[in-house]
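First the structure, in the form of structure tokens, and then the observations on it.
In this document, chain identifiers A, B, C and D correspond to the written order of the chains, with residue numbering beginning at 1 in each.
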Amino acid sequence: MEDKLSVISKKVIQFRDARDWEQFHDPKNLAEAISIESAELLEKFLWTTTDKAYDMDNQKLEDIKEEIADIMIFLIYLCDGLNIDLAQAVESKIEINEKKYPVEKVKGSSKKYKEFS
Amino acid sequence: MEDKLSVISKKVIQFRDARDWEQFHDPKNLAEAISIESAELLEKFLWTTTDKAYDMDNQKLEDIKEEIADIMIFLIYLCDGLNIDLAQAVESKIEINEKKYPVEKVKGSSKKYKEFS
Amino acid sequence: MEDKLSVISKKVIQFRDARDWEQFHDPKNLAEAISIESAELLEKFLWTTTDKAYDMDNQKLEDIKEEIADIMIFLIYLCDGLNIDLAQAVESKIEINEKKYPVEKVKGSSKKYKEFS
Amino acid sequence: MEDKLSVISKKVIQFRDARDWEQFHDPKNLAEAISIESAELLEKFLWTTTDKAYDMDNQKLEDIKEEIADIMIFLIYLCDGLNIDLAQAVESKIEINEKKYPVEKVKGSSKKYKEFS
């Protein structure tokens, strides 16, 4: 079985290289692209209330999937450009967060959640 | 061998559940969190020029890794909340993009890149 | 009586010029700065529900004012750099929106609000 | 002569009230809208280099003006909803910044600019 993260990373990089698009992908522009795609995701929830945020038809869910994929695709390009191992970066960050937000201090408290995060 | 994407997804979800934080993670707030973390990533490249965007010391690279991890962590929470398969979403999006940007039409042209993307 | 928009524009430009900071203010970097400050504003409302979004103490209100001011300051720099008359741009946009969203078609309908905006 | 900031504020608020749209304008959603419009502004500079960021034809300049106006319009709505005096907020922030970034310490240094801002 091949690793899923490696599989999709290869596919998005092949997509880019077949088009000679790496030349546009300096990290500053990629960070902009990630911000822009994130705003497009956020737009799917604009003018809703938080308690209705889960309400969506199939079309909206498909749109959200596409925006999430766009963010992920640009994250993969950025990791490729800077030689970052995405899975390893997440593992390290979770370790940092385990120390920063110890269970016994923050569990179930929204006040603490807001302060700490 | 266990799949890396599954491994990190399990870890970030365990982190959340140990703290009872799922209650704050409606999709509207998660989409906001992704936008905010993306802006923090972008901030690492603010006031630089694009041609110096690759210049960075180890500390800056570590900061960038952490911001990338934060975005990925919130993407995983959002996919979990909406039952989205992140790898599958990327594969579908790449298929859509293959049709939208055929190699023979877009290869190596920055003008076309801007128009099409 | 001097116009308030002119007064604050002059002040922020004097602030910049006294520090020789115009050199960093190309429009791409300014657009990034506006996005980053907007995310800092958004962060003040993260993990709240929409119905509690008005709840805030004096400190939070002060923080929000500062973020709003930061966005406005970078808008003024961008308008200065591109010779855009901010007040005139708003007047033109309102005229465009008057045609795009005629009162009789969109009044009081949230569905239409979401579709049209 | 009437103050320009007051004139445009009145116009955008009349536009909103004629459509009964204030009901959608809680501060959390307005902060999201400002972030989204800022990303649309940023998108106008995506895939350019910083040294070509000033290159634009009339159409692009018009698009940028519209995005700037959209941000300003939502800033006015947010200030209206929270009883914030936008011009006064900018004046206060400039005073804060004067102390934070004294001319003699920061003038003309890009390194210091990045550190301090």
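Just so it is clear, contacts are C-beta pairs under 8 Å (C-beta built on N, C-alpha and C of every residue); 3 or more make two chains touch, one makes a residue touch a chain.
The shown structure was predicted, so the numbers you read here are calculated from the model rather than taken from an experiment.
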Same-site or different-site touching of chain B by its copy chain C, using the half cut:
same
B-D or A-B: which has the larger count of contacting C-beta pairs?
A-B
Chain B to chain D, mean C-alpha position gap in Å, rounds to 26
How many Å are there between the centre of chain A and the centre of chain B, using C-alpha atoms for each centre?
2
Residues within chain C bordering two or more other chains:
24, 28-29, 32, 35, 38-39, 42, 45-48, 50-51, 110, 113
Indicate which of the five shapes (line, ring, star, complete, other) describes how the chains touch one another.
complete
For chain C, which residues are in contact with chain D within the complex?
1, 3-8, 11-12, 15, 18-21, 23-24, 26-29, 31-32, 34-35, 38-39, 41-42, 44-45, 48, 50-51, 53-54, 61, 64-66, 68-73, 75-76, 78-79, 81-82, 84, 86-87, 89-94, 96-98, 101, 103, 106-108, 110, 113
Enumerate the contact residues on chain B facing chain D in the complex.
32, 35, 46-51, 110, 113-114, 117
Taking the complex as given, what residues does chain B use to touch chain C?
24, 28-29, 32-33, 35-36, 38-40, 42-43, 45-47, 50
